[in-house]
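One chain, chain A, links the two complexes that follow: it is found with chain B in the first and with chain C in the second.
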Partner chain A sequence: MITISPTLLTGCVALLCGWVVVGLAGLLRPGSLRFAGRTLFPLGALLGLALALLAGASLLGGGTERLILPVGLPDLPMHLRLDPLSSLFLVLLGASSFGISVFAGGYFRQGEGALPGLLCLQYHLFLASMGAVLLADDAYGFLVAWEVMALSSYFLVTTQHRIPEIRRAGFLYLLMAHVGAICLLLCFGVLQGGSWLFTFDAMRAAHLSPGWAAAAFLLALIGFGAKAGLVPVHVWLPEAHPAAPSPVSALMSGVMLKTAVYGMLRVGLDLLGRPAWWWGLAPLILGLLSIFYGVLFAAVQTDMKRLLAYSSIENIGVVFTGIGLTIVFEGSGLETVAALALLATLYHCLNHSFMKSLLFLGTGSVLHATGERNLGRLGGLIHRMPWVAWLTLVGTLAIAGLPPLNGFVSEWLLLQSFLFADHLPHAFVNLLIPMGMALVVLGAALAGYVMVKFYGVIFLGQPREASLDRAHDCGWLERIGLLWLALGCLALGLFPLQVIRVLGAVTGQLIGATVPQASSHWWLLAPVPGRPVSYGPLVFLTATLAVVFLTVLAVRLTYHQRVRRAPAWDCGFGGLTPRMQDTAEGFGQPIRHLFQSFFEIERELPAPADRAPRYRIAIRERIWRLAYEPLSNAVERLANVAARVQQGRISVYLFYGFATLIVLLAVALMS
Partner chain B sequence: MTHLPLDQQMLDSCAALLLLLSFAMLSQRRIVTLVNLYALQGAVLAAATLLLAWRTGEGHLYLSAALTLALKVAFLPWLLHRLIRRLEVYWDTEPLLNVSGTMLAGLLIVVFAFALAQPITLLSSTATRSAVGIAVSVVLLAFLMMITRRKAMSQVVGFLSMENGVFFGAMSASYGMPMVVELGVALDVLVAVLVLGVFFFQIRERFESLDLHHLESLKEHE
Partner chain C sequence: MRTLDWITQVLEVVVALAAAPAFLGWLNQCRAWLQNRSAPSLWLPYRNLHKLFHKDAVLADNASPLFRIAPYIVFGAMVLAAGIIPSMGTRLPLVVSADAIALVGLFAAARVFMSLAAMDVGTAFGTLGARREMMVGFLAEPALLMVIFVASLISSSTALPAITENLASGRIGLSPGLAFSAVAFILVLLAENARIPVDNPATHLELTMIHEAMVLEYSARHLALMEWAAQLKLFNYVCIGFALFLPWGVARAHIGPVGLLVAVPALAVKLALAGAGLALIETVSAKMRVMRIPEFLATAFLFAVLGLLVHVLLGA
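And now, the complex of A and B:
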């Protein structure tokens, strides 16, 4: 008989069950959009908020709770555990999903492929499985939750399954998810270390030889990297994110990628014990590669959701760079610096979850209002959709890494931790790592460029199509969702000190050290003792606002004293038509030109005498031709060889049976 | 030379007859004759069972002899003859492997089967232990027949003959299977033949022939 005491963990489990129930309730009236959208999705959102609060309480308390559920395999019941690391990611899940679910309640329309009730079920199963991944404390429960997560999100991606490209994107996603899951399965197989016990506690206690430990780490990196979208196993991401409905893209990019980061931290820093410093080089290098690769491809995209997908790759690169640095520092005995790098990593996870969800939801509203996601047919929407435009602006500035918003804080912390590389006791490495810092800075700058393009082409300038005049602003549920996420970005940016204090529980758990606070002021962030670096976002905000206010005041008072409205971007010349504006292709052209060797470009230029000139450009990733196509061809050849066994003749099949029988009997005879 | 008791000699001759009939079936291309040979094999099997029952005094062996007689000598051959008449398949086409080649393969199989049965013969304490090798041969020869034929009908006969071998093997190694199993097997064979009969009509309707090479077009093409 089990007694259930009302702890925070049981509360979390109850909320996850609540999500499943809400999802199943969608089947009661599967065709009713009103029931699912107005009742169930907001209900699910409230559950998310409650989850965030419970997990937040656990994070502040800093304790660890365990629970064993009497379900699962005969001798392996489901172990659950709520510790600071899982609490943090549960807060992330709950808080982001609150905004996304509220938005989703107003977003889904009739006739979008799957029935609303079915969508509701898949969506809430997806949420609950992510929560279960974060709570699981044994490999079996973890992998079951992981697969439920992959499958439910697959069905969400293929919501509009009548479109062949979307089915193809879904298949690619499922394929990569399975490749990753196989790596994880093998990883856990290595981690049990001969004890054949699959609880995480047994794995912590197992003693692995250095070779096996490194193998487990590598498998985890591939497995979780495939889910997170780390280059070179990122290929599903730019296909699946645009294919999914926007709230699903937001959830996948904002939350699901973070469960992979959680898994990487759990295996790399918790289950494997103390990592060797050189393991960290792998995530560091792949992370840097992802930053550069992601941002370059984001710069040349013309589809707004695909652009955001590549931007997600870049941000995941930042996170993995942080993980790599953490391991390098921790393995070298620099605990405090490792804690700083880990802090930057966790902070960036939180930030990216809020800002990327916000941006994906913003594109969803634009998509619904205009039916377009090609940047070349948008423009000037700030006048038609002020709510969406202004709230998206917050996310845009945040992801571009501008103070006083949240994106700046985490990147700043990461760069600070880079500066300690010269303390490393390894020759060359302490010289090479600062070069990685240059790459991070380049990535941040290019991300700013990408975001100017994203925002400028969609919301600023003049509408490029006449149909954009009919665009409407989003409904009130969607506004609440966007507002929540924008406020999250703002709060994470303005109160970094408070956030860092909360995150200290996690760094304390994983590294055994926390980041000290060198300043005695509550508004001044000074994470590095002995170095004169500090950042006061509130001061920055006040100064910025003051400058803007004073400038406006000065212009109003001393200059012409009245508001004059003129066509946007015509620089006073007049006669500018929407066709003469800078396009998305045009904006990305310098990058495309500079980094030509990275892209596979297919371009059609119109002939000079063409009466109706059309310019078309398609940009593919070289990695398809260099790695994936040879791989898939090899698999196909192998399958064809195996298919020769299948002859289609009954006699041959009978012969197979006969030969097997004879061989087995002969073996029995010999032994 | 030691003289075996008469019943033992008779049992051994029955076993030899079974093997001979298997070879006859392997070489036979007329389907009607094939069914007749099958019926004959059933009769020999029934006789062997009866002999064994009389010798050991095991009551349930009488029952299984009666069952064999009813099912394998009377009912199934009748059913198959009816099917042959209605489907008008009297001849199998040229087998995949020519008759002499098949017979040679059959010889090798018999040698293999006897080598295989040797440990069982040494362990078993029944009066009929020498027949185990023959039973295994009958099973494998029937299997070989199924492989080398083209017509579905001959393959069904091969399948049934295989069941004969299994039955004979069980009988000679341990005086038959438990009654429940025996009844179950008998029922299975009956049902299998009935279902296959339906299949024949379906196959012929679809391809206008019972030749199985038509089914090869069902193979998935690259």
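And now, the complex of A and C:
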């Protein structure tokens, strides 16, 4: 590899330091919302944009830069490295954080939990630590940045710490983050392979026996999976995402989950060298499980942010399915197909960071305008908040995987790589993978269901509460943030070829292969090796728009364009009220009914003669009762046993110290 | 050859636009004959469209712009779909920009817009229709994709013309994998086009309907476009069936202008037979309860997956 002048990397480091400075500046006037919102957050957003540009330049150059910073413990300098993989995720971080930070500038209000200045510090520390995770080139630096990321986001989640549920959600998040971090610690311990050097270069050079390599892979899968929200270690996600303020939810879902994906790719495909094909089955199966699990639970949610959180689990499932497929193909010697699957994975990461951030920010505006998170009390907001409604529609259609937006591109790439399953030399996997394809497709279709529910119940129909008439559209900073993310969704959808060319540097680095481009047109995506398959979203969009335009023209010219307004048709019964529309529960009812056995349902039905009938339904995950509650009980019992040792008297502790000393002396004498 | 390709392309779209209402008319005629009723005219759907276009459009008080543009988008999606499906020729210039997966995505986009529009006015019927449509869709869409994937695996391509070319070139009969998926496809076709075991196109009983509930708020030109789009959708589905399972008579790459002359009557014959077949299925089966529909579609989905597994197992 060539080392070009280290300007880009130092630039990136300077920008990360800039974020820390912006955060600290918030402490100058901690109580001033105006200073934080109008000055610091937009400044942080600009730094993000600059970071995206620098990292983008590095990605286009395709080179690798290294830097050793003499910070940290003595003799343990911090190694930094900017290669295509980290550049790509830095672009993702910078570009989506630009939109989110601009939005955040207009979002935070006085009197919501923590002081604005403190919030600004935590927020920018969170951003900088994510950047540091992506740049770290040794295990110490990586884990320190990882921990700072977990802690700063914990404080952000518990911004409104006066609400007990939010404190609980924050604790669960912290707990799961540390279970994951322990796995990562062990994983790096295995990876150093006896050399006791913790730089990533040493880990690349270490030769692990197949058993230890598989163990390291599994530990990485659990550790990064817990951060990414992979089933069954996803439980913190639907609690923490809704608890956080919306820009923070957007950042966590859109960017932080991707740092876990980055870690998985770094360990699985870079540090471990060439993976064995059967390792891929674990992420593949867990990914498929997450897709199905996430989308089913999303379909029955009544809280809009919880719905999006479950949808994130589904999307992370798609990403891990892609990773699994990449490893299966690479391990079987099908490098170009592996590159295609990796391309789908990376593309989906980019897509998800834009569309999920957009949707979370949209719900943030709705929350501010109405004070409601419950879907059952919303409705008809497209008339009151047209900006938010139309921009959110872009994200909704994108995440539902509809052409010509971006969600479709990654889905298309993933399905194309699935269709190479019959080239695999393993008979059993040949059968398994078509089943996986069926699940991916089913998940995509269910995502459409979920998104129609999400959008239709919030923005369409009639307002379900009288108070919604006072809802107002969002401010201009928020509009810019939403617009940026929506444009990102559009651009990623319409220019896939250009994106894929850029991503080629990453697949080249990790797999050693890039996908061929069979077509000579700049608007046509034909990345499938050896197959005459192509997709041209621009033509697609132009053709649809042309047909729509011609139809409008034809109808207007041939006939007329008279329109009359009248009350909605009530089938002659009269007395239709907004309460008769489907609620969120109603819209999800078919799914709840069909997949009953997946949910733990608690239902309260009114008796026929009830004067004040009440219908209540609560849905929980079975996994709590089946796995987590027994586990936490066991831990508690163990802690109680251990507590007997702690008597609280100083003489007992002195005795412990003495006994330890004796035992150690005995050991030393014997050896 | 380029000009011929474009001629085929334009011809396909125009024929689809023109013939879709007639195909529905023919289906209704066959159904009437089988049920011993006197049949309506073949041209009834055209007259209906003409009448609707003339009327004044009535919009509900709180209809948003989304409600007004949805019919155009749904119609546009269906017209584009007609241009992608090789109903008469396989050399279609538009096809390079949209393969079979994109085609299914196009149908999904139309469905999502239709459901959103149905929820827009905020009446009980609209939301009910939208919910049921999405319920049908979330199982029918993957089933259709799996059906297409069986054919794609056989032909090593997801582009519909390539599949048709490959399937039409020689080998006799259906492969076992395709036979399973053919069954699945027929079930999906019935469900997606609101035909009898799933939805009753003639009903106006609110509690049983799906498609009609969604378009209840539409009138005049908007309704006309929605109806025409529905007819196009039926036509497109039948043509997908031809492309996958009866690919004969389609003008293939090497045949030239003569192929097109054969293709038009071949399509007419196939459509006539398909219409009669659909009418027969609708006559001998009864409308299901709504909550039975998922079972019906799950059967279709399982058949399609089974087709895929059979194909992989037999290692075609």
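We adopt the following convention: the second predicted complex is superposed on the first by the 617 of 671 C-alpha atoms of A that agree within 3 Å, B and C clash if a C-alpha of one lies under 4 Å from a C-alpha of the other, contacts with A are read in each partner's own complex, and residues count from 1 in each chain.
Operating definition for what follows: a contact is a pair of C-beta atoms (placed from the backbone, for glycine too) under 8 Å apart; a residue touches a chain by one contact, two chains touch by 3 or more.
Just so you know, these numbers come straight off a predicted model, no measurement behind them.
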{"item": "Chain B versus chain C as contact partner of A:W569, first or second or both or neither", "value": "second"}
{"item": "Chain B versus chain C as contact partner of A:R649, first or second or both or neither", "value": "first"}
{"item": "Which of chain B and chain C A:V452 touches, first, second, both or neither", "value": "second"}
{"item": "Per-residue contact with chain A, leading partner among chain C and chain B", "value": "C"}
{"item": "Partner chain in contact with A:G586 - chain B first, chain C second, else both or neither", "value": "second"}
{"item": "Which of chain B and chain C A:Q462 touches, first, second, both or neither", "value": "second"}
{"item": "Partner chain in contact with A:A438 - chain B first, chain C second, else both or neither", "value": "second"}
{"item": "In the complex, chain C residues that touch chain A", "value": "53-54, 56-62, 64, 66, 69, 72-73, 75-77, 79-80, 83, 94, 96-99, 101-102, 105-106, 108-109, 111-112, 115-116, 119-128, 130-132, 134-135, 137-139, 141-142, 145-146, 149, 152-153, 156-159, 162, 206, 216-217, 221, 225, 291, 294, 301, 304-305, 308-309, 312-313, 315"}
{"item": "Parts of chain A lying in touch with chain C, wherever the complex brings them together", "value": "379-380, 382-383, 393, 397, 400-403, 408, 411-412, 415-416, 419, 421-422, 430-431, 434-435, 437-438, 441-442, 444-446, 448-449, 451-453, 455-457, 460-462, 519, 523-524, 530-540, 543-545, 547-548, 551-552, 555, 558-560, 562-571, 576, 578, 580-582, 586-587, 589-590, 593-594"}
{"item": "Residues of chain A that touch chain B when the two form their complex", "value": "640, 643, 646-651, 654-655, 657-658, 661-662, 665-666, 668-669"}
{"item": "Chain A-touching residues of chain B, taken from the complex the two chains share", "value": "96, 112, 115-116, 140, 143-144, 146-150, 155, 212-213, 215-220, 222"}
